[in-house]
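By written order: A, B, C, D, E, F, G and H. Residues from 1 in each chain.
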Amino acid sequence: MNQRQLLQLFEAVQKGKLQPQEAAERLRHLPFEDLGFAKIDHHRLLRQGMPEAVYAPGKTPEQIVKIVRQMLKRSPNLLITRATPAVAARVKRLTKQARFHPLSGAIAIHRDHTQYGKGKILVVSAGSSDIPMAEEALVTADLMGNPVEHLYDVGVAGIHRLLNYREQLASARVIICVAGMEGALPSVVAGLVGAPVIAVPTSVGYGASFGGLTALLAMLNSCASNVAVVNIDNGFGAACFASLVNRL
Amino acid sequence: MNQRQLLQLFEAVQKGKLQPQEAAERLRHLPFEDLGFAKIDHHRLLRQGMPEAVYAPGKTPEQIVKIVRQMLKRSPNLLITRATPAVAARVKRLTKQARFHPLSGAIAIHRDHTQYGKGKILVVSAGSSDIPMAEEALVTADLMGNPVEHLYDVGVAGIHRLLNYREQLASARVIICVAGMEGALPSVVAGLVGAPVIAVPTSVGYGASFGGLTALLAMLNSCASNVAVVNIDNGFGAACFASLVNRL
Amino acid sequence: MNQRQLLQLFEAVQKGKLQPQEAAERLRHLPFEDLGFAKIDHHRLLRQGMPEAVYAPGKTPEQIVKIVRQMLKRSPNLLITRATPAVAARVKRLTKQARFHPLSGAIAIHRDHTQYGKGKILVVSAGSSDIPMAEEALVTADLMGNPVEHLYDVGVAGIHRLLNYREQLASARVIICVAGMEGALPSVVAGLVGAPVIAVPTSVGYGASFGGLTALLAMLNSCASNVAVVNIDNGFGAACFASLVNRL
Amino acid sequence: MNQRQLLQLFEAVQKGKLQPQEAAERLRHLPFEDLGFAKIDHHRLLRQGMPEAVYAPGKTPEQIVKIVRQMLKRSPNLLITRATPAVAARVKRLTKQARFHPLSGAIAIHRDHTQYGKGKILVVSAGSSDIPMAEEALVTADLMGNPVEHLYDVGVAGIHRLLNYREQLASARVIICVAGMEGALPSVVAGLVGAPVIAVPTSVGYGASFGGLTALLAMLNSCASNVAVVNIDNGFGAACFASLVNRL
Amino acid sequence: MNQRQLLQLFEAVQKGKLQPQEAAERLRHLPFEDLGFAKIDHHRLLRQGMPEAVYAPGKTPEQIVKIVRQMLKRSPNLLITRATPAVAARVKRLTKQARFHPLSGAIAIHRDHTQYGKGKILVVSAGSSDIPMAEEALVTADLMGNPVEHLYDVGVAGIHRLLNYREQLASARVIICVAGMEGALPSVVAGLVGAPVIAVPTSVGYGASFGGLTALLAMLNSCASNVAVVNIDNGFGAACFASLVNRL
Amino acid sequence: MNQRQLLQLFEAVQKGKLQPQEAAERLRHLPFEDLGFAKIDHHRLLRQGMPEAVYAPGKTPEQIVKIVRQMLKRSPNLLITRATPAVAARVKRLTKQARFHPLSGAIAIHRDHTQYGKGKILVVSAGSSDIPMAEEALVTADLMGNPVEHLYDVGVAGIHRLLNYREQLASARVIICVAGMEGALPSVVAGLVGAPVIAVPTSVGYGASFGGLTALLAMLNSCASNVAVVNIDNGFGAACFASLVNRL
Amino acid sequence: MNQRQLLQLFEAVQKGKLQPQEAAERLRHLPFEDLGFAKIDHHRLLRQGMPEAVYAPGKTPEQIVKIVRQMLKRSPNLLITRATPAVAARVKRLTKQARFHPLSGAIAIHRDHTQYGKGKILVVSAGSSDIPMAEEALVTADLMGNPVEHLYDVGVAGIHRLLNYREQLASARVIICVAGMEGALPSVVAGLVGAPVIAVPTSVGYGASFGGLTALLAMLNSCASNVAVVNIDNGFGAACFASLVNRL
Amino acid sequence: MNQRQLLQLFEAVQKGKLQPQEAAERLRHLPFEDLGFAKIDHHRLLRQGMPEAVYAPGKTPEQIVKIVRQMLKRSPNLLITRATPAVAARVKRLTKQARFHPLSGAIAIHRDHTQYGKGKILVVSAGSSDIPMAEEALVTADLMGNPVEHLYDVGVAGIHRLLNYREQLASARVIICVAGMEGALPSVVAGLVGAPVIAVPTSVGYGASFGGLTALLAMLNSCASNVAVVNIDNGFGAACFASLVNRL
């Protein structure tokens, strides 16, 4: 329709109904969308193959079901993050393709299994309490069309365990590294590989972990230069970033 | 040499001079380096084509010259970051190939111009005071074998300026986005492109910018999902990360 | 009455019952209110047409009903902020003119619809989670006699959406801009308009959003010079300030 | 020139040299500036009558002189903030109209004295150490075409002093209130007037003033609802905001 | 008993049963209490007339009743702070002299009404939400034998209200000043009187009040020199300090 | 003079030159000072016997000399805090009665030696680096007419040293306790005495002392109830508060 | 088994089935564990006699029972920290040797009572609210084979109480010192003894105790040089560290 | 002498010159030192073999020389920390035994070489910028009579380098681990050994290292349980603590 509006403008000029001067003036008052800018966004999503995502906290099951129903019309794949089992039950009633991951609260609706990623994304995590955020990253990366693997419970205080998996670490094209407490794992992992490492600090810990602030600051100060950081507990964002990199 | 040590161990077993049991025992006491682990590191550097780098602050010109002289023997390219003009003068006496970038204090010795990057790295910055950190990123990415471009002074309060460069933004394979103060630029840039955006908060600003903390926190909270963050003023680290991604 | 007291003092002097010296002495011991200072305050309220407001948290439904009943005697319009549905039910029983806005918890009793504002106040918000605070601002500004409009869900990571509404942005006399996470919206909006922008950081977000601190700091560091900031989640305060400005 | 480009596009269509379809396509690839968007910005500046401003710290006297020389061609009024006496001497050599305010380091070049403000802007400050930031606000507001007055040294611990000036406070259309240490002045002032109060926290103080953070936080928590806050020491920003309001 | 031990030591020396040298040696190994040091503490309590106090949070009603029963044997007056109504009910069953103050959660057992204070302690508070902490201070000061008065709801944004009570403020020997949000009240009050002002920041507020931190910092930065500060919400501590001062 | 103005008003009424109604109106427009309010302040200073004080940092020697010259006309005693030796030299040329205390940078001009304090103020400090702030407190308390004593270098890690001075501690009417690092001294001292203890945190220390923040927080959390706190390094404020208490 | 793998490699070389060169190559690809590195860890545990430990929060009773059942097969002693009574009931059903400590939530399964510690570990705590963390340290140290004693409720504001126990303090080989609020106890205790003091800050307190941050910072700034610190509330970690030291 | 005072008291009782009752009374008023308590301190120093130490910053070379001269009379070994070369030159003129370590600024006067430590103290550090603090620890531990070794430049991003030194790590009785930036080294080292690890965060780094705060927090959150932490840059304190442990 706005394409049409634009076309009509030029046609009016062509037909002599409108002077060029006046047409240029009108042009400047058309809304942006009419100029096709909104399409950039749409194309971007398609080009990136990113599924749409719903952040569940603060929404009622009813609201989520309503949003999901609409999104499913235009997007084959869909992710709901940090959902409760109650939300999962409601979404499952909507579509049998919904799969709930209880540790992270992620619900994945995975209908288009095209592989976009050119290599493997490996999700590494430090302690067993970091698994929810690691799982969120894993489910997201999978849904975005990446081959994924995980390597859990390889904290830095038992470094030989991590070293045991050097081969697996080396085989990944992109690594997502999830850690709470002192947040040291990304530095060690990044030193063992040549791949980019996306670090996810977690709010796991107590006392002076300050809800993940300590891990966040530690990761930002990594002495390895192949580390970049996302927000605390942001497994979803890390997987989005990793997916983009893995499509290059 | 340590390869030789290991070989000698096996040869001694082969020749019957040593029992397998005893050889296994000795093996466990050899230093790691002798087992070839150090090579991982070396290979990594080669594979990554990363030049060696020297962080100048806290070192005397004499110390830097000494380090540089040694490094130049094994590494064709070399980067010295945050150097003073005095240091630059000394290094230039050592090699005429040294080029000093006064805003960032970077000294680049660029002898091997192999291109490793598969696309263009674009360095975008918000205000004129962010240029030193942007320049550090630019010089580093260039030295690591990437085609580079920059786009300075496109702060979010004059959004039309940034929009004017949509084509250039879209042409980059990886974007490094440098901003101080409210640190909003990476969110806006990331919304305009499909490429990964590496955000560098800068210590530019006063009052409640708290030495870059505000920009750092803002970037970590970006509502765009293709943003990852490095330490405050860490143009060098951003360029290393971007280079890795650009070689994929 | 205290006007009378003051008058009596002068009359006593006039009639010779009191010496000037003694009268001056007495004067200094009269309470301030008697000198008419309290009226400044009263006049201020009238001049500003500001409705009285009750902050609900920490008060029982009974206490609120009691306060509201008293206030309704002297103030045509009344606002209760951050009320629960239970409180709303109780207030509605008191007066049918009470209208509850469930997202923000605002209850507006709007009986005098005089327009004090000379232009339009536009409330802009970034994400759907910021709507409660935006709604609080909207309801407050409306109750204070301003033409109001809103523009929700125009976050900076999809800048073309915001640009689509340039006309609407340009038509506002005052803008209230509500955003959580990286708090970048006010900078972008302020760069598009010539009107004053009042920024409201919200506690929306997780991890390093630190309950709105990140958004607050980002807004204070805005590179646009037509931005001023109020407390986190303070939609009410922003609307009061905007109303004052809009009456000028 | 870009206006011309646009016109030429329409003329080509008018003359039948270009099909409407093709013209629409080309249009979408023209840079924004060519569509006249940059003019919004220019118009905004003119409409706001805001002089251009240079932030001196981090620039050499030579750089500043160069910038100033260029700006003076297109802007009648010009402000340089936080300049040293050395910079002032250089600028004065450039133009005799430059006036240096040593406490704030502001240099004002005031050639167009049009009054844009509709009322008076009053700058109030608490202690004698807050005067530099108050002066920056005063000079800026004056340069932007506002009638200005100031009221210094009226801290809250001697409340009667402030009360003495009730008439003057009441006569202002907009108040800028500058205070360090406990930052209490804006709350008290805002309670005495019906005008909007723009609060500027200063870095004045020691110990637990934490470079102005305490004053900033106190002002954001003001119990008065006609207070909005700008960054620490940001007298310039407060004056810009106040000027906008004063033109309404 | 330990007094006896010490005496016996000297008597043994007196009677020649023990050599001075040996006695001196033994002395050094006696526990401190035996030397009468514990009495300092006891005397201090008596001299100060301070009632014993129990901090209720984290203790079960049973534990509190048990502690109270023991304390009532040796102390005529007793204070339980931050108790729930459930605890109050249990304590009231123990003694009819217990009086519960529901806003602060203070339970006062006041059996000895000796007046120790030489003047009046006035408790001033800013907003209605500060009353719980003000009440804690008031009840404590009363129980410690001071004439007490209070002056609530005299926030700085309505300064004339506070000024109305100048006489009452001037009549106090010690003032306890309770305020949350921007914490400005102590500065203003201290400027109106010659008495020492003990400032109690409260955790009242939201957003950037950071649980009372803002009020605390503001009070520590007071520009009045007759202000000293206690911990956030510490009405009890302020009253203890005020009582000591009021006995001088 | 303003007393006269007020009198003239009443005399005009007495003489029938002015109607009571009109006089009341005029009264409301007289500046506060004219009503004698400023005198409160003046009386307060006299009643408190507090010398005027000048905070030297940020003032040139010339400015200080000028201020001092004026103050010496109306105040017998005068204190300049945190002055450099250069300032001291200039002030000494002005008056031979000036005495410079180089550790604290305090300059005391002590001409009226009236004793206002009813007991002794004891200044206790922890480490030798705390002595400058302790000295500032000591000099101030002395100048304000208090008998003063000091007890330095009695840190809590050598508790027997402090205990050695129990007699001296017990003899003080008010104690000022100065400590940096862990700020534990006030708690221990307060437990040994029945007097009020005013705690002064100092910025002494390194690393996690964070410029005195650690000591400040520790003192605010004192488990002793006879402790109140002033700002970091604020020896002057502590002495003012202590002086007020000591005159009660 | 991996020992066998390694042996087989050497035997293959011995028997001429494998060339040394090839064997060396294979060796580099064996997982670390096969080289016996995991044994370091195992040996470490045995050498240290540290029981395995389970951190209960975030795990369901079922998960804990499952983990405990497995661990009991390989470890004679076992510790579960911060468990609820419900968890304790479940674990007791599993083994009658489980003993629940309700204040700390520690469940100890103590089957091997070998004494590893060479001296006594003394756990000292300041207030009654610190006892849970002190108990966690005590139970842990006991389970790790140390003679343990405790000394509770010896806060610094009643220093004579602590001094009374000098003999007991002096008799400990290692001291664990637990304190919240101002965190001053470790400094005082460390000054009385020659033993290493491990300081445990607790989250006990309110207001400016900031969840234990104040105590933590105070302990890190201790003026005594025989103090080292662990995380807030980390009684377990302090006991592990103390046990290691006590075995030396 | 005070021993004499005590003896005289007993002798007076023995000789009948003083009644026991009266003697007991007098005793309680004798200063502590007279009771021999100061000796605890003295004995402690001797028992610990700790040299006296002078913290140079904030003292003039003259003051340091004066202090050193006095200390050398009673202590064979002496340490001056963080001294400038100028101070070192002055101290060397005083005694030829002074040895200056320019990286840390430590001056050691080592005259008594008794070995008190029972094993080796190993100082491990991460980056070359951490060497000053590592050196301070090394020099201190050496001066306190410990066999010392160091292992520098073994950061976690090149983990194989650290693993190469497993034997050396395992041979230490106590490890001091010095690291800035992300502070991850102590966790990794502690996982490789059974010895207690004392972690020293350093202020090395920039941006979000916040002067060592990040490293400090990371170390406090270590997932290894044989780590305890001292203040930022406190190599001296770490060595004192390590020495105590090494003498057990």
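Just so we're on the same page, contacts are C-beta pairs under 8 Å (C-beta built on N, C-alpha and C of every residue); 3 or more make two chains touch, one makes a residue touch a chain.
Keep in mind that this is a model prediction, so the values were computed, not measured.
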item	value
Most remote chain, CA-based centroid, reference being subunit B	E
Farthest chain relative to subunit G (centres taken as mean CA coordinates)	D
Listed pair (A-H, D-E or A-C) duplicating the C-E contact set, over half by residue number	A-C
More contacts between chains, F-H or A-H	A-H
Where subunit B and subunit H are represented by their mean Cα positions, the distance between them in whole Å	38
Separation of mean Cα positions, subunit B and subunit A [Å, integer]	25
Separation of subunit B from subunit F, taking each centre as the mean of its C-alpha atoms, in whole Å	54
Where subunit E touches two or more other chains at once, by residue number	40-41, 158, 163, 166, 191-192, 207-209, 213, 216, 220-221, 231-232
Pairs of chains found to touch, sorted by chain label	A-B, A-C, A-D, A-G, A-H, B-C, B-D, B-G, B-H, C-D, C-E, C-F, D-E, D-F, E-F, E-G, E-H, F-G, F-H, G-H
Subunit E partner contacts - residues on subunit D that touch it in the complex	126-127, 155-159, 163, 181-184, 187-188, 190-192, 205, 207-210, 213-215, 217-224
Of subunit C, residues touching subunit F in the complex	3, 6-7, 9-11, 13-14, 16, 19-21, 23-24, 27-28, 35-36
Subunit B residues within the subunit H interface of the complex	29, 31-33, 37-38, 40-41, 55, 58, 201, 203, 211-213, 216, 231-234
List of subunit H residues in touch with subunit G within their complex	40-41, 44, 47-48, 50, 118-119, 166, 173-174, 191-196, 198, 216, 220-221, 225-232, 236-238, 240-241, 244-246, 248
Subunit G-touching residues of subunit A, taken from the complex the two chains share	129, 158, 160-161, 163-167, 206-209
